[in-house]
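Two complexes, one shared chain (chain A), two partners (chain B, chain C).
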Partner chain A sequence: MAIDLAATTAVPADRIVGRPGGRGRRPAARRRRTLIAYLFLAPFLALFVTFVIVPAVFGVWISLTNWSPFRDSQDFIGLKNYLDLFTAGSTTSADFWNSMRATGLFVVLSVPFLVVVPLFIAVLLNRKLRGATFFRTVFFAPYVLGVAIVGVIWSYVFDTQSGILNHLLGLFGLPSDTPWVVDTPWVWVSLVGVTVWWTAGLNTVIFLAGLKGINTDLYEAAALDGAGAARTFFSVTLPGLRPVMIFITTTTILASANMFGQSFLLTNGGPGNETRTAIMYIADQGLSQNNMAPASAMSYVLFAFLAIISVVNFRLQRERSEKAAS
Partner chain B sequence: MTDTAVRPATTKPSRPVRRRSPRRAGDLTAYAVLGALALVVIFPLIWMLLTSVKTDADAVRNPYALPSPPSLEAYQTLLLSGQQPIFLWLWNSFAAATLQTVLILVTASMAAYALARLDFAGRNIVFGLIIATLLVPPVVFLIPNYLLVENFGWLDSILAITVPGAASAFGVFFLRQFFLGIPPEIEEAARIDGAGDFRIFFQVALPLARPALATLAVLSFLGNWNDFLWPVYVLLSPENMTLQPGLAMLQGAFRTHFGIVMAGAAIASIPVLILFAFAQRQIVDSVAGAAVKG
Partner chain C sequence: MTTRLSRGLGLGVAAALAVSLSACGASDSSEGGVSGEDYDGPAVEVTFWHGWTGGAAPTIVPKLIDKFNAEHDNIKVKNVPQEWADINSKMPLAVKAGKGPDVAVLHGDDLATYAAQNLLQPADEIIEGLGYSEGDFPPDVFGMGDFRDAQYAVPWSVTPLGLFANKDVMKKADLTEVPTDRQGYLDALEKLKAAGVQGEWVDGYVFTGTFEFQSLLWQFGGDLYNDDVTEATFNSEAGVEALTWMTDLVDKGYSPKNVAQDGNIKALLAGDTAFNWNGVWQTTNTAFGDLDWAAAPVPQIGDEKAVWSSSTHWVFPANKGQSADETSAAATFVKWMNDNSAGWAETGELPAANTVREDPAILEKYPNLEPFMEQLDYAHYETVSPGINEANALITTAINEALTGKKTPQAALDDAKAKADAIIEQNQQKYGD
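Coming up: the complex of A and B.
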C-alpha cells in the first residue's frame, strides 16, 4: 500500500542468491535462469496481461472510436470523444462535468472528516486504556460489512417518514422532518456521515499503528520541558505521524474520488443528478446506456485528475525518505 | 496528553505502568468520548436487529417502538419468498472471496519471488510495468474488462468476479518487499544442499513468508468481499449474486417493508461480524501493518 520505490530497487539479485559461478558467464546458463524466472512469473503474467495490460490499451482504443456493442466493426474517430467532453453543449460534457463536480465536492467534504475523526479516536485509544481493543474492534467493524449492508441500514435510519434519526432529533426538540437522502444540502451531510461511519475505523487503526511507532523518548522529553497536552500533540505527535498522515490523506482522497456505492444506494445520484459521482456516471454511460466510447474517454480524464494527486503524493513521500536518509 | 509521556521507555510495549492519580481525569473523559462514539457506531446495527424482529404491520405502524411482540415474520417472508436467496449470496460471497484470495496468493507469491530473488532478462521492465499499473484507478479497466468478460462468456458467473481481479499488482509489490527482507543466507544454505529454485521457493521462502501471505490474504479477502460496482454490473441473475449486489436488489424489491429489508441486512451482517470478532486482531493488524510498513 505505502509505496517506497527508493527502497525496493537497490539489491542486485545475483548478490542475494550468491549463485556460484556468477551471472551471465555462460549464455546457456543465463537463458536457463531466465526461463525458470518466467515459469515463476507465468501464472501472474497471464492474468496481468489479460486483465490489466490488454484492457488498459483496449480502453484507449475504445475511447478513440465510436464503439457500439451493436455493430461488428468500429470506426476510428480520433480524439472526438475527448474533445466532446471539453466542448460545452455536447451530449456528454454537461453531465460529465456535473458528475466530476459531485466527486470533487464529495472529496472536499469527506476527506477532512475521514482524517480528523480517526486521528482523534486513535489518539484516545493510544492512551492504553483498559478495553482499548474492544473500542478498536467496534470502530473497525462497520468496514467489514461492505457498502451495500451499510447503505441498506442507513437508508432506513435516514428515511424521512419512518427513520429513527429524525425521530431522535425530534425528541431533542430539533426539526424532525429533515430530508436526509432527498434534498440538498442534507444529501451531502448523509453521504459524508455514512462514509465516516463506514470507513473511519480503517484510518483509525492505521493512525494507531503510526502512533505506536513514535519514539516514547520524545514524549518524555516533552514532559520534562513542561509541554502541555496541546503542545505535545502539535510538536511531537503530528510531526511523528507525518508519513502515515501523507499515506492516509492520499488513500482517502483516492477512495473518496472513487465513491460509488453510497450515492448508488442512498440517494441514487439525486436530487436531480446532484450526487451522481463521476464513477457512477461513467459506469451508467458505459455499461447501462452502451455509450462505451465516451465513457472510456471519461475514465481516462478522471484518471488524469487522480494521477496528479498520486504524483503529488509520490513527491511528498520521496521528500520524506530523503529527509529520513540525511 | 502529557500524562502519556510519563510511561518509562523501558517497559514492555504492551504493559504500561499505570499511574492512577494523574491519569484518571483524562482517562474518564476518554472513556466518555469513546463510549459515546461506540454507541453511534453500534446503534444502527441494534436498530437493524430490532426492526428485523418486528412484524410488517408493527414496523409500519410503530417504527420507533420496541417490537411488540418480537416476531420472526420478516425472516420467514424473506426466506420463503424464494426471490431473494440470501444464504446463496452469503455462500457466493465467501466462495468468490476465497477463490480470488487463493489465486492472488499463488500467482503473486511466485511472481514476487522471481522479481526479488531471480536474475533474468527483462526483470526491470516487468517490475516497472507492474508498479506503473498500481497508479491506475480501477474505473479505467471497467469498460474494457466488461467487454472481455462478456466475450469469454463469464458474465453472470463466479469467474467474472474472481479471475480479472486476481491480477494483483499490489500483491506482487507487497510480497516482493517481504522476500527482499529475508536474509539470503537461508536460501544459500539450501542451494548448497543442492535444492533447485522451485524447491527453495516452496520449502524455504514460502514458509518464511507466512505472515506476509496471511496479511495479503486478509486484504484480498476484504477487498473482494467489499467490492460493489463490478458485481453490480457483471452479475445478473439472483442466484448468482454476491451479498453486495444482492442486498441492493433486496432493498429495491421490498422498498418500504423495512422489517424485511432489515432481516436481510441482519442475515448478511451477523456471520461477517462474528467472523470479524474472532479474527479481529489478525484483520486489524494486517490492514494497519500493510499501510505503515509496506
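Coming up: the complex of A and C.
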C-alpha cells in the first residue's frame, strides 16, 4: 500500500494538465467552488482513507511489533524489525537486500526502454500515417492482458528446449539453446523484453496525447527556420513533452520497482533467487510465511527508497524545465 | 498489475485490521460427542472449504455433496471451493473470527502450522468415534495429523511421485521394459543417448525437481530434517549424493542443461524424452491421449526403496463459538466421503482409506494407478512442523543453484541448510515448542 501512496502523491494531477487560472474571482464564489470540488472528491477520499491511509498507518504499527494474526495481543518491539534488515546474518537481511538488488537492476534495465521505445513509437504514430489507429491499437493491445496470461504465453516462447524463440533462432543458424528463463543474464533480457512488450502501449498512448498537445505553430516556425527532423525533435517535441516526460518516468520507475508477476511466473525468482524482486519477497514473507511484521518493515524501507527516487526525479526534471523556461 | 497487487496487499491488511478488532477473546470451542453412528441431532448446515478447483474435482465434489445431502435429512453441506492459496490466507483469520468452515481439507505439510496456532480442534475423540486408526490408511499417513500428542486430522488422499515413460521414444533405443533399478536406469539412459535421445530432463523447480531430489535423498538413506525437526539434514552425504545424481544427468548428457519449469513433462508429451519423474496427478493429463505411455514406480537409484508423496487431510477448524452439533455433523460427512471416495481416483489422487483403495474395482477402472499404489508401502510424506514450508523452499533454491551451475551440490545444500536452521529457530519462537 506504501506504493500507492507514492504513486498518488508524487504526481499531482495539476502538474500534468497545467493549473487552470483561478485568480481574480470573488472570494465567496471561490469558496463555493472549492466546497463543490471537495464534495466531488469525497467518495474517492473515503476509499483512499479506508484502503490506503488506514492500512498504511496500521502497517507502521505492525512493523514495530512481533505481529502475528494468530495471537490475541501483539508486543511492541520497537525498531527491531528494521534493525534486523540492516544486521548481517539475520534471517531476513541477506534475502531482502538480494531482492532489493534484483528490483534495482530491473528498474535500471527496464526504465530506459520503457521510456524510449514508447516515445519512438508515439512519434511515428503521430505522423499523418495511413492506419495509425490500427497500429495504435496493436501496440496498446498487450497492455489489456493480465500478467497470468502474459506469463503463460511467454513461457511457451522462452522454453529452453521447446520454445518458439530458440526454434526460430536455430533456423537462422544462431544458438538455439539459450536459457531465456533459466539462467543469467538471459533472464533479465527476457523479463525486460516481456515488460516492454506488455506495458509499452500505455506509455505510448500517454506520449501520443502529449504530442497532440504541442502547438503546431511551433513546428511551422521550426520548419521556416530551416530545422531538420532531428533538430525539430530535440528543440520542439522533447521540450513540449516535458511535463508528460516527468509523469512517465516517475510512474514507470515506480511500476518497474513493483515488478512481481513476470518473475513470479516466468523465472520463479531463479536461478537461485537472482530474480526474486522486493515485492515478491515481501509478499512471500508477509502472506505465505506469516512474517507480517518483518514484511511490513521491508515495505517501508522499499517505500523510503521509492519516495527518495521520486522526489529526486521530480526535482531534477522540474529544475531543467525551469531553466529552459527562463 | 503491480498497483493491483499493492492494492490487494492494502485490502488484506485492512481486512486483518477489521477482523482483529472484532475478534477479541480466545476461541472456546466445545467438543461434540461423536460416535460412529450418523449425526442425529437437529438440522444443521455444515460449511466445507477445499481447494479442488481444477481437473475433474469441480464436477465430482458437488455430485458427492448432493448425494450426501439427499441421504441425510438433518445435514446440509455447503460446498465452498477456492484456491488453496486463498484458503491459507483466509482461513486463520476466519476461524479466529468464528466465520471459518466446520470442516475443511488441508495439505499434509500445512497441518502442523494450523494446529500450532490453535486453529484446529484436537480430534482424538471424533476420530475414535468414527472408528479410524492408523491401520486404516497407508503407513505414516495417519501420523501426519499427529501434533504434540493430539490427533488433528483424518487422511483423505495421497499423491506419490512415479516414473512416466514414453514408450515410442523408448523404442528408438530398443527398450521394452521400464527400468526399475540404478543399473537398469543408467543402461537405458546410455542406450537412449546413443540413439540421440536425452532420456530424462531434470529441472530445478518444485514441480518436479524438488520431489525427485527428496525421493533420491530418502533412497540414499538420508532425511530432510532430524527427528524432532530442530535441524535441517538434507545436506548430509545422502543429500549430496542425491543432488549429484541429478547434476550428473546433465553432465553426462542424459539431460539437456537449463530445463525450464515443466519443460520435462512437455518434452515427454512431445516425444523428445523417454522418462519423467512426476506425480500421480499426471495420469489424468488428457495430453497423453493416444501416446503409447506407461507409469511405473520410480526406479531405485539408492540403497533402499523410497519415494516422495504428499497427502491431503480432513480437519475440524476450532472456530470461535464452534457449535458441537455442526462438528458432529461434519464428522458424519467426513466418514461418508471417505467411504464413498472410490470416484476420487478420477482426479488423479489415490483415496487414502485402505478399504476403498484396495477394492479391485478401482484398478479395473484406472489401471494406471497401480504402480503408484504399489509404492505406498515405502512412500515418505512431507515434514510435520509448523512453518516448515518456508525452510522447504530453500531446498528448491539449492537444487536450482546446483543445476544452473551456480554452486556445487555440497555448497548449495550447505548454504540452504544454514538458512533453514535459522528459519527453524525462528519458527520455534513464532509457534512455540
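The rule is short, and it goes like this: the second predicted complex is superposed on the first by the 261 of 326 C-alpha atoms of A that agree within 3 Å, B and C clash if a C-alpha of one lies under 4 Å from a C-alpha of the other, contacts with A are read in each partner's own complex, and residues count from 1 in each chain.
We take it that a residue touches a chain if its C-beta (ideal position, glycine included) is under 8 Å from a C-beta of that chain, and two chains touch if they have at least 3 such contacts.
Computed from a prediction, not measured in an experiment: that's the story for all the values here.
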item: Partner contacting more residues of chain A (chain B vs chain C); value: B
item: Touching partner for A:Gln289 - first (chain B), second (chain C), both, neither; value: second
item: Touched partner set for A:Ile149, first chain B, second chain C, both or neither; value: first
item: Partner chain in contact with A:Phe260 - chain B first, chain C second, else both or neither; value: both
item: First (chain B), second (chain C), both or neither touched by A:Arg127; value: first
item: Chain B versus chain C as contact partner of A:Gly272, first or second or both or neither; value: second
item: Chain B versus chain C as contact partner of A:Phe158, first or second or both or neither; value: second
item: First (chain B), second (chain C), both or neither touched by A:Leu83; value: neither
item: Which superposed partner A:Leu202 touches (first chain B, second chain C, both, neither); value: first
item: Chain B versus chain C as contact partner of A:Val182, first or second or both or neither; value: second
item: Contact residues of chain A, present in both the chain B and the chain C interface; value: 1-4, 50-52, 54-56, 58-59, 62, 69, 146-147, 155, 159, 162-163, 258, 260-261, 279, 283, 286-287, 292, 299
item: Chain A contact footprint on chain C (complex, rising order); value: 1-3, 5-7, 9-14, 16-17, 19-20, 24-26, 85, 88-89, 92-93, 96, 113, 117-119, 201, 204-205, 256-263, 266-267, 270, 272, 387, 389-390, 397, 400-401, 404, 406-407, 419, 422-423, 426, 430
item: Sites on chain B touched by chain A in the complex; value: 1-2, 4-7, 9, 13, 16, 23, 26-27, 30-31, 33-34, 37-38, 40-42, 44-45, 47-48, 51, 60, 63-64, 103, 106-108, 110-111, 113-123, 126-127, 129-131, 133-148, 163-167, 169-170, 172-174, 176-177, 180, 184, 187-188, 191, 197-198, 201, 222, 225-226, 228-229, 232-233, 243-248, 250-251, 258, 261-262, 264-265, 268-269, 272-273, 276-277, 280-281, 283-284, 287-294
item: For the chain A and chain B complex, residues of the former touching the latter; value: 1-5, 8-9, 11-14, 16-19, 23, 30, 33-34, 36-38, 40-41, 43-45, 47-48, 50-56, 58-59, 62, 69, 121, 123-129, 133, 135-149, 151-157, 159, 162-164, 167, 197, 201-202, 205-206, 208-210, 212-213, 216-217, 219-220, 222-223, 227-229, 232-233, 237, 244, 247-248, 251, 254, 257-258, 260-261, 264-265, 278-279, 282-283, 286-287, 292, 295-296, 299-300, 302-303, 306-307, 310
item: Chain A - residues contacting chain C, complex; value: 1-4, 7, 50-52, 54-56, 58-59, 62, 68-70, 72, 91, 146-147, 155, 158-163, 177, 179-183, 255, 258-261, 268, 270-273, 279, 283, 286-292, 299
